[in-house]
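Attaching a single structure in structure tokens format; questions to follow.
The first chain written gets the first letter, and so on, giving A, B, C and D; residue counts start at 1 in each chain.
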Amino acid sequence: MRTSRFIRHIFLSFLLVFSSNIYAQEPVRLAFLDPLTGAFASIGNSGLKQLEFAADYFYNSKGGILGGRMIEIVPLDNKQSPTESQLQFRRAVSEGIQYIFQGNGSAVANALNDAINRHNRRNPGQEVMQVNYSAVDPILTEDNCSFWHFRWDAHANMKLNVLTDYIAADQDIESVYIIGQDYSFGQVVSDTSIELLQQKRPDIEIAGNEFHPIGQVKDFTPYVTKIVASGADAVITGNYGADMVSLARSIIDNGLDIPIYTFYAAYDGITATLGEDGKNRIRLIHNEVSNPYPTEERKEFVRAFKAANPNNDVTQPRITNALRMIVTAMEETQSTDPYDVGLALEDMRFTTLSGDEIWMRGEDHQVIQTLHISVHTDEGVEFDADNSGFGLYTEFSAPIEDSMVPVNNCRMRRPSR
Amino acid sequence: MLDVFIFATLNGLVTGLLLFMLASGLTLIFSMMGVLNFAHASFYMLGAYFAYSVSLYFGYWTGLIFAPIIVGVLGALVERYGLRRVHQHGHVAELVFTFGLAFLIEEAVQFFWGADTKNYQSPDLLDFPLFTLFGQEFPAYRGFMIGISISIFIGLYYVLTKSRIGIIIQAALTHPHTVSNLGHNVPLIFMCVFGVGSALAGVAGVIAGPVLTTFPGMAVVLGSIVFVIVVIGGLGSLAGAFIASILIGLLQSYAIASDVGMPDLLNLLGLEFDRNHPLTDLWTLTLPQIAPILPFLLLVLVLIFRPTGLMGKREQ
Amino acid sequence: MTVLSLNDVTKNFGETEIIRGVSLAIEKGEKHAIIGPNGAGKSTLFHLISGLYNVTSGSIRFKDQEIQNKQPYEINRLGVARSFQVTNIFARMNVFENVRCALLWSSGYKYSFWHLLGRQKELNEKTMHVLEQIGLQKKALFPAGELAYAHQRALELGIAIASGAEIIMLDEPVAGMSHSEAEGAVELIRRITEGKTLIMVEHDMNIVFDVADKISVLVYGKVIASDRPENIRANAQVQESYLGEVVTSA
Amino acid sequence: MAILKKSAVWIGYLAALLALPQFFDSVLAVSIFNQMAIAIVFGLSYNMLLGQGGMLSFGHAVYFGLGGFLAVHALLMIEVETVYFSIIWIPLVGGFIGLLAALFIGTFSTHKAGTVFAMISLGIGELLAASSLIFVSFFGGEAGVSGDRTFGPPFFGIEWFQNLEIYYLAVAWVFIATVFMYLFTQTPAGKMANAVRDNPERAEFIGYSARKVRYITFCAAGLFAGVAGGLFALNYEFITEENLNAATSGRVLLSAYIGGLGYFIGPIVGAVILTLMNSLLSNYSDLWMLYLGIMFLLTVMFLPRGFAGFIMMHQLAWVRGKIKSLLVPYLLTGIPSLLFLISVVGLIELSHTDEAELYYFGLSFNSTAAMDFILIAIVALGSLLSIRRSLPQLRAAWEAANEIPESVDEESTS
């Protein structure tokens, strides 16, 4: 009994700390739910810094929003685990936070989407909005689309649509090899690119279509051997993290000189690790144009960010877009209620720091924006990645019409008030 | 087809020999002390990270020499001040201790070096293709890996069969109790063996780091496989560990190189399933897809049918 | 009536023959001692009878059943219990639980997970009774692993006899005891094996001749003599190969 | 009297479980309690295996996870009305599956304890974790499967909208599971599990097949792990691959060990400690896993019987009324130890942070100033010296309080 009293004591003191956050001018609190510890911590922490910096740069330094309320970013560490995300989601609810930024991992995004929908259904008046800045599983704006979920990144099919356009236009490519992690995103990449390539360039041969378990492969050389043997002219991979680096490394080390088309092969240590070896070989499909940056406004922002965070880069400008659009919607409605803000976000058109106009499609809550293909290089790179001298140089930009994919299976249930 | 086969064999050998470098140390430690060191692969990781840090200032070759020494000393310290203390509480406590150590080392590596991958490069000296066969290059660094592995294997064999300490260790392989009764400074030998075993793992880390990527998860990826090898080979058997290492290296390499899977098997049997079948995941399974988990399948099968492992005599 | 018989039993470990054709017949109620020099195979013989080892050839019969190559627990359930030369108890459980565990099977509980032991009055009384017999009733709740050596040996005996087996096999029951402790132990053995068949390996000849009413001499894996104590004492071959020096030195 | 005393513990346990949300009723607190409830059942089931049966498993999450997956599938079936029963029985579904899996896997894994068992459990765990990513239609890949607990028939008007309702349901199950797991330790099979743990060879010579005893314990542990998995499914309404992989298996080992193996309350203590660390400490420091690792190693080295063992160590002194004599020496060593701990953690945090300023225990430190490091280091060193001085005193007091009397006849409560 003694121990339990002791524990209760600790508990009490901890909970007191939580509940004593009372401010004179109550801030608008936004949660940032991503891995801040563990294997993916660097990506999560980098995102957190970008969001915090953007909030300070655009709003807090200028007197806040909604007539003087500050934006407070509450970091929540989900350790890249769906289960942990659920716990942290409850913490956010417990603290009355109604906006959750989340990006890393479609598994987490899907779990969070489910949790938020359940929560919102059961607790009317305390709804929570999911601000998805990076999870690209198409299902989130298709079959599982929800009023409470908004996505600022282009989903996998949109990216693949542009990527296959690009590959199809390259007449030197006669066969491609697809390799990916054995999970939903890897499979989407494989299925969609085969389908689209067959439509666009039926003559391109799919030299291989390989899946490997996530994080289980020690050495990618055997896979590379197969790629070489297949005689492919290009590789498409959706790998991320260490699997991405190891794969690229093996391809390079084994002297295979063909382009590698990727989604996640830049920043957070990857650019530095690939360095000289990856030059002109690694290409990325992404949103928000890379070097050369088109506007002074954006350069200024990035310089200011680098000054404050010398070891980080602005890896995901869409975080800034999401924040700015939400604040715009809040100002428009003079409300922080996710329902009002959600309605205002629907079909909002917004000009980014790069001067692009992006559109939050109301039908499925998917941002429609220009997409770009950039190459890993050190030439013409004014803003490098990982302070390595290397960075991304945009070679190809797809206009908004080309990157748009029509809505297929989204039947959104709208809350009635 | 032949080119794939040849390269698959070479790749399998590289992996197998690398695994053996880890497995040999683990086996030695197990033979002497009766404890399966869960943290063994963590020393491998430490090897890679130390070598990376050293190589930033003094180049690759200095790292190759000093990193294993640092790791070896660390290992000896762990034995002296950690394991020896836990020893009195029995084998389960020792196993759990090393398990916790592995956990801690991973966290510590993230603390000191961060969570992202490190740009640990192979030396420029070895940055050329050793030979080209059927249009495929075989990097010199991989040849170097094979060379180092084999020379360590020979060195180890020589020390174990020719030197005095080797004889004692040999004796410990078969008669662990007698050796401790013979009045040798057993604790000191334990410490040395643990240190040398760790250092071997460190060497493996140094030479594998540039190829297999230096990142905090590298111990986990390899750790359980090395465990599997030591158990499949037969606990305490160096020869068994060698055979199992090569076996698993080749097995995985061939499995990846092959293109067969359940669909082929079903075709052979004249069966057909459509994509909506509830077991569709099973019917579409391919060998490359499951290659990395084959060792675990092998482990379970071996343990069921031959609990002493391929070459093992002793049961623990 | 013969309760246990060994028929030309051999046991090899690899190339080495340890037991080289042993035949023995043990009568009901007999107190049978097996003696012999170190390495003669006495403990191995015990392990063969009790099922720890499989025989290489030959047969062992308990009453009308062949028991060679049966599992130890099957043999135990038939009514053969044994103790060990090196103390072999359940160290982290207390003395009471040690003995109670030894009683479980013979009391018919099998692998039950629906009986609460605290409520089994008869079983607990039986356990206390055994504890009294071995003189450990005061140590009932003491962790077995922390008992004094003599007490551990007594517990070792207690576990062996608790189930009330017909044949009790004791492997050097007084090894390592002081003279006075050994005397007490002999008393104990005599008391608890009353009316039962006893097979015993022992080095202390005084105890052997004191307790046994039949003695077999095992040398190099063979029984060179099996007879009443007085005849064994007189047997020239035994004298020569083993007993002489021991008796004179004792 | 003794019976009253014994049931008093149980009533107290139940009352404590029921009363918790009366004191802390925030969403967060209830979510932590739910986590604790699940961790307690899972931890107790693991202790059954390792503490009671001596089987070191690196794959116990398999039974937890399988139970959880089937439980979520059962929720889905309730949703589409394939079956129709109240969700209060879901943990039983989980338990049933855990039992089935253990019944099958136990046939070949319980031959031997020790390393062989540990390795088989590791292999099975890895195999299943890997296959769970391959067999997407059942395991749902890395996103897992998700259900909704509110579709079944209401239970006395309760529709399970709130986590608090689930907490009370979990309490009922935790209590039932704890009682049954405790009772199991008091049965012939449960006691023989102890015997086989201590000495499998001898167990065979008192009529028991060590393997069968292990098998029964193993199955019972699988059953309760499955119950815990079912509770998980009810609380989170989804389950993913991570709940049956090696990390989850490792965590339960950690929690049981820190709590104290071999003591029935050990895993409960461990579950509470680990859950609190996981959900509270992780908010204050992103190095909490490092601290967890250090704490775990220190526990293995210095408190081999865990926190419960540490408390139990004082039983003798308590019974003999000498606990008071330990108080002062404990304080004398404890306060500098705490100070040492705080300053070391401070050093680690200070060297890790990338902010210029670190707020720590109400003080502000500058992470770029060497002076601040030295200051904390001095505190650490000073407290260390102080510990060294007071430690012999504590040892002497300890020995005085625990002098072994002639015979120890006091009844143990375990």
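Heads up, the rule we're going with is that a contact is a pair of C-beta atoms (placed from the backbone, for glycine too) under 8 Å apart; a residue touches a chain by one contact, two chains touch by 3 or more.
Here the structure is a predicted model, which means the values were calculated and not measured.
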Original post:
Measuring between mean CA coordinates, which chain is farthest from chain C?
Top reply: A
Original post:
So how far apart, in whole Å, are chain A and chain B when each is placed at the average of its C-alpha atoms?
Top reply: 36
**OP:** Could you give the separation in Å between the centres of chain A and chain C, each centre being the mean of its C-alpha atoms?
**Re:** 73
**OP:** Indicate the whole-number Å distance between the mean C-alpha point of chain B and the mean C-alpha point of chain C.
**Re:** 47
Original post:
Which residues of chain B are in contact with two or more other chains?
Top reply: 110, 289-290, 292-293
**OP:** Two or more other chains in contact with one residue: find those residues in chain A.
**Re:** 38, 41, 182, 213, 216
Subject >> chain D residues counted as touching two or more neighbouring chains >> reply: 130, 134, 136, 287, 289
**OP:** Answer with line, ring, star, complete or other to describe the graph linking chains that touch.
**Re:** other
Subject >> Contacting chain pairs - touch in the sense defined above >> reply: A-B, A-D, B-D, C-D
**OP:** State the interface residues of chain A toward chain B in the complex, per the touch definition above.
**Re:** 38-42, 182, 210-213, 215-219, 221-223, 225-226, 228-229, 242, 245-246, 249-250, 253-256, 268-270, 272-273, 275
Original post:
Residues of chain B touching chain A in their complex?
Top reply: 3-4, 7-8, 11-12, 14-15, 110, 114-119, 121-122, 129, 134-137, 139, 141-142, 211-213, 215-218, 221-222, 225, 252-253, 256-257, 286, 288-293
**OP:** Within their complex, state which residues of chain C touch chain D.
**Re:** 50-52, 71-73, 76-77, 81-82, 84, 88-94, 97-98, 100-102, 104-106, 109-118, 138-139, 141-142, 159-160, 162-163
Original post:
In the complex formed with chain D, which residues of chain B make contact?
Top reply: 36, 82, 85-86, 89, 91-93, 95-97, 99-101, 103-104, 107-108, 110-111, 224, 227-228, 231, 235, 278-282, 285, 289-290, 292-293, 296-297, 299-300, 303-304, 307, 315-316
Original post:
For the complex, which residues does chain D have touching chain A?
Top reply: 12, 16, 23-24, 26-29, 31, 35, 130, 133-134, 136, 141-144, 146, 148, 150, 161-163, 236-238, 240, 242-243, 269, 272, 276, 279-280, 282-283, 286-289, 311, 354
